[in-house]
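Below is one structure, written out as structure tokens; comments come after it.
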Amino acid sequence: MITGLFNNWIVIVLMMSGLYIVIAHGNLIKKLIGLSLFQTSVFILYISMAKVEGGTAPILAENIKELSNPLPHVLILTAIVVGISTTALGLALVIRIKEAYGSIEEEDIQILDNLPQSKTQKKIMDGEQ
Amino acid sequence: MNDLFAVVMLLGIYSLLSASFFVAMDAVDVAFTEAAVGAGISTLLMLVVITMTGRKENTKRHKPFLALIVVIFTGGLLLYGTFDIPHFGSADSPIHNHVTPRYINDSINEIGIPNIVTSVLASYRAFDTFGEVVVIFTAGIGIMALLSVAHHSEDNHKIAAVNDSMHERYLVIRIVSKILIPFILLFALYVQFHGDFGPGGGFQAGVIFAAGIILYSMLFGLSITRKVISQPFIQIISAVGVLLYGSVGLVSLLQGGNFFDYNVLLTDPVAGQHLGILLIELGVGCTVTSVMIMIFFNFAERRELQQHNNIHNKDLES
Amino acid sequence: MDVLLEIIASLCLFIGSFICISGGVGILRFPDFYTRMHAVGVTDTLGAGMILIGLMFYSPDFLTLSKLLIILLLTLLISPTTSHVLAKAAMQNELKPKLQQKDSDKELNSSNYS
Amino acid sequence: MLTAATLAIFIVMVLAIIRGIVGPTLYDRILAVNMFGTKTVLLIALLGFVMGRPEFLDIAIVYALINFISVIGVLRYSDTNKLKHSASDIETYEKEH
Amino acid sequence: MLHLPILQVVIPLMAAPLCLLLKRPQLVWLFALFVSTVAFIISLLLLQQVSTTGVISYELGGWQAPWGIEYRIDQLNALLLIIISATSTVVLIAAQTSIEKEIPKNKHTLFYILYLLSLTGMLGIVSTGDAFNVFVFLEISSLSAYSLIALGKKRQALWASFQYLIMGTIGATFILIGIGLMYQMTGTLNMEDLSQRLPQVAQTKTVFTAFTFIIVGICLKLALFPLHLWLPNAYAYAPSIVTAFFAATATKVAIYLLIRFTFTVFGLSFSFTTLPLQGLFLVLGLMGIIVASSAAIYQKNIKHLFAYSSIAQVGFIIIGLSTNSVMGLTATLLHLFNHAIMKGAIFLALGAVVYQIGNSQLVNFSGLGRKMPLTMAAIVIGGLSLIGVPLTAGFISKWYLLTALIENNWWPVAILILLGSLLTVIYVWRIVEVIYFKEPLAENTSVTEAPILFLISIWTLIIANFYFGIDTRFSVQLTQSAAQSLFGLSP
């Protein structure tokens, strides 16, 4: 019972720590790291479901009978690509945000957004000096 | 831990670890990709960004309670859901008995290549892979739209001076890399064309090839690399990759089959499958290589621009 | 003959594992960066080399053997290089070895950083 | 013996992770990452033999290459003037002695 | 004719990289417009084909359904395909003029490529019959959406885009988890196959979890009331053209997914019994209407105002869904269709205003009724349609919604919905007041009517609005038969 579901519980712990980082951390890069942790844990969920006891990698060869399920592997290959695309795009946004706001902390950005434009300009200048 | 540099490095370790886990779970193709992407490209990109945005994280948490509630709720739901999941490794769970048996038993006759992952990826579910290529193409275009800068030809030597600090100081690494880079590129080609028989394929090859070029540009400066591989050239290659992939489908339409029906490409269906898979893997390889290089170049160029501005500001001050 | 090969292979693997573990202990227990680097740099190359050589005895065909050989060559090339670069980078960024950390140096250091 | 070697490598990986988490300086972490990478290469190679599919050594080669590239990348981007080790690094370093 | 389902998606998809080779923005614009028109024609042909021959199934790669990926077009898909491709075409007409002032010149080509990719993603989500393929195309449309929003002129656009990226990715990952759990219990990814195999395992906890995750993930994309926080800023700071396109289509696609998963994949009996979905949708929908409409009243920026109004309209749509009757679903689908027409026109008109005066603050609108009569009339007519004034398309969908509620004897809900409409009256009146009864600002005295391309696209949508408000045969028939087939009744 316990051993059969253990993998899923590990996944849940990883997934939830990722989600927590995304929500609770204010630093945008940390948020993206949390996001990629969150996504990677889903990969582990998929891959661990594909495993068959006694099977080996799904590449046909002589004298090999049991194979693990290839379909989740295919899906996760696609999902990894999606993950890196999202992360890269997010990082590009972070660069632009840093240039525009002078900070990558969520709190600072929210403060700067609520100030009138002229004041914010000044504040950024102050911050940079 | 509020040093982002350390966090990114640990993320790299985590990625290597999960890749080893994938190998242990028989998912060799996935492990291949995860190693190249997670430990290689994504760590590099994060490092570049951290050098531009600063290393320190504000330790103050906001909304920790909201986060905790969301996390507990979602985690609890998932935990509840796991109790009816088929146990780990059991051969009689539905996923091993419904769709997959055909892939395992018949793919060698229908497609004729030993790596089942490649045959599912490139033929049975070719359209998913097409989507995947388009996703990465989208990301490339999006990043270009966000970051691309008009070139400042003046003061180029100053940027170069900042840039070249690396390879002047490290003679040893320069020489070793000179030996390694051709090997990396060669190995990428091997992975590209060996994907039918072993782990590998267009995506993995693309990432490795791009990693080789990125290594070159890190050591010998961006400006030199850009002379060999210019931005417009890279853009064209990325478009050509997607078009190559898509036109395999269109050709099969013209031949009277369905979209991505490789059987009709040649008179012998299995040979047609071979040709189709070869072509689309090539398309994937082209797009992935060029987009990865494009992303890195845009990031690094932006970084140069910042440094350039910093130098400029200092000049003005003095 | 087979038994002999098996013994040699096992011996290589054993030595390799031992060296790797001692390297692992080294990275954990040594007092400062440079000594740790020494532990890792030396044992990484030798331990990995021994394990790879051990594996070569197990390899069923020529292709596997040549791949192992490639990995061995890569390790031999890469491992010392990274150690060298790492040490140099650390040195250039003014990370002082602990042994030299006399009082005068400490002052010098702190003035550099401030 | 293969299994024993795998276990040994595994232990070393754990030790490397500990060093990676503890730090204290940036270079210790780079060192740990590098060591972890080399050990992963060995682990994959060993796993291939343990599972009886030694043709997966390709992955080990990729790991070796990627590991090299990422260490170079880390050094390249930690080695700008802006990013000398920060004050806290020095403090922790100082405290140790 | 045989290959229409795949051509629908592949033509805009292949056009995107071709644009990169064309380079000249003017040329790219014409090409994109051409491609979008072709997609529109294909969607019309598909509708015609569906209504004559029934459900179309297209097997990609020639592999049979559960093994390969299947495209499956029924009336619901055909309706959505028409909405998306039609609005995309109309919006593109005005695009060239609009982005001239909002996006730097060297990024125009990239803008069109991203636009086409976004279109592709939405069309792909709608036409596919494979659960994982949905995720892939969802990511194509999302990634292009993040970049398009970030192209906005103000720096807030970047922050809005980042927030959207975080929320959107969490949503997509939730959907991915749900699909994974579903796959683990059934062993298949094909929607049709899933719907047949799920009932056998319907009582398990895993399927319940999978269902919840998919619904929550979609609701994040949908901006349903408590999960709507990313939407107002994303719409307000994106380039006007992008806002017009997304306001008309993006939430519609998410609602399509919701309908597809609840009705087709999990099946009616499962969806509305295991989770208290009916009550949940009703409460969230109502709260969404009230809260978002009230928030809309206090907005100073008109783009913000209509963004909140979009959230409120999502509330109306969801309430139609919660009635669990053919009538209610018809109302939902009708409102999907009509809302796309109204919001498309309104946001295009706002784009025209931004083109002429540079921003969309409410203050700046004073007296514009005389300066830009046609554009302002369009905004007002759109607003009236949102309220549900007779002769406009909005009236028809509100009418059907109320009938459905009364059929269920949900009188209090009907009254609350009328109250929601009253709030709509208030915020529309605020705009009307400013437009027609105030003197123009000093700096706006020289403003003239919007360029002709803008007017063409705006008024196409306004005329469509009137047409579907008066002649309801086409829309009602289509949505009614789609709703009936979803409930398993033969039309």
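We just call them A, B, C, D and E in the order they show up, numbering each chain from 1.
What we mean here is this: a residue touches a chain if its C-beta (ideal position, glycine included) is under 8 Å from a C-beta of that chain, and two chains touch if they have at least 3 such contacts.
All of these numbers come straight from a predicted model, not from anything done at the bench.
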Treat touching chains as neighbours and tell me the shortest step distance from subunit C to subunit D.
1
Counting C-beta pairs in contact, which chain pair has more, B-D or A-D?
B-D
Farthest chain from subunit C, comparing Cα centres?
E
Where the CA atoms of subunit A average out and where those of subunit E average out, how many Å apart are those spots?
27
How many Å are there between the centre of subunit B and the centre of subunit E, using C-alpha atoms for each centre?
31
Nearest whole angstrom, what separates the Cα centre of subunit D from the Cα centre of subunit E?
48
Multi-partner residues of subunit B (at least 2 other chains)
28, 50, 78, 82-83, 85-86, 93, 95-96, 99-100, 103, 125, 128, 131-132, 135, 138-139, 142-143, 146, 173, 180, 198-199
Pull out every residue in subunit E that's touching 2 or more other chains.
132, 136, 139, 143, 146-147, 150, 177, 183-184, 189
Subunit A: positions in contact with at least two other chains:
15, 19, 49, 56-57, 59, 61, 71-72, 75, 78, 82, 85-86, 89, 93-94, 96
All pairs of touching chains, please: list them by chain label.
A-B, A-D, A-E, B-C, B-D, B-E, C-D
Subunit D partner contacts - residues on subunit A that touch it in the complex
56-57, 59, 61
For a test of understanding, state which residues of subunit D touch subunit C in their complex under the given definition.
1-2, 4-5, 8-9, 11-12, 15-16, 18-19, 25, 27-28, 30-32, 34-35, 38-39, 41-42, 45-46, 49, 54-55, 57-58, 60-61, 64-65, 67-68, 71-72, 75, 78-79, 84-85, 87, 90, 93, 96-97
So in the complex, which bits of subunit C are touching subunit D?
9-10, 13-14, 16-18, 20-21, 23-25, 27-28, 31-33, 36-37, 40, 44, 48, 51-52, 54-55, 58-60, 63-64, 67-68, 70-71, 74-75, 78-79, 81-82, 85-86, 89-90, 92-95, 98, 101, 109-110, 113
Under the definition above, what is the set of subunit C residues touching subunit B in their complex?
74, 77-78, 81, 84-85, 88, 92
Residue set of subunit B touching subunit E in the complex reads 77-78, 80-86, 93-100, 102-103, 123-128, 131-132, 134-135, 137-139, 141-146, 148, 150, 235-236, 238-240, 242-243, 246-247, 249-250, 253, 257-263
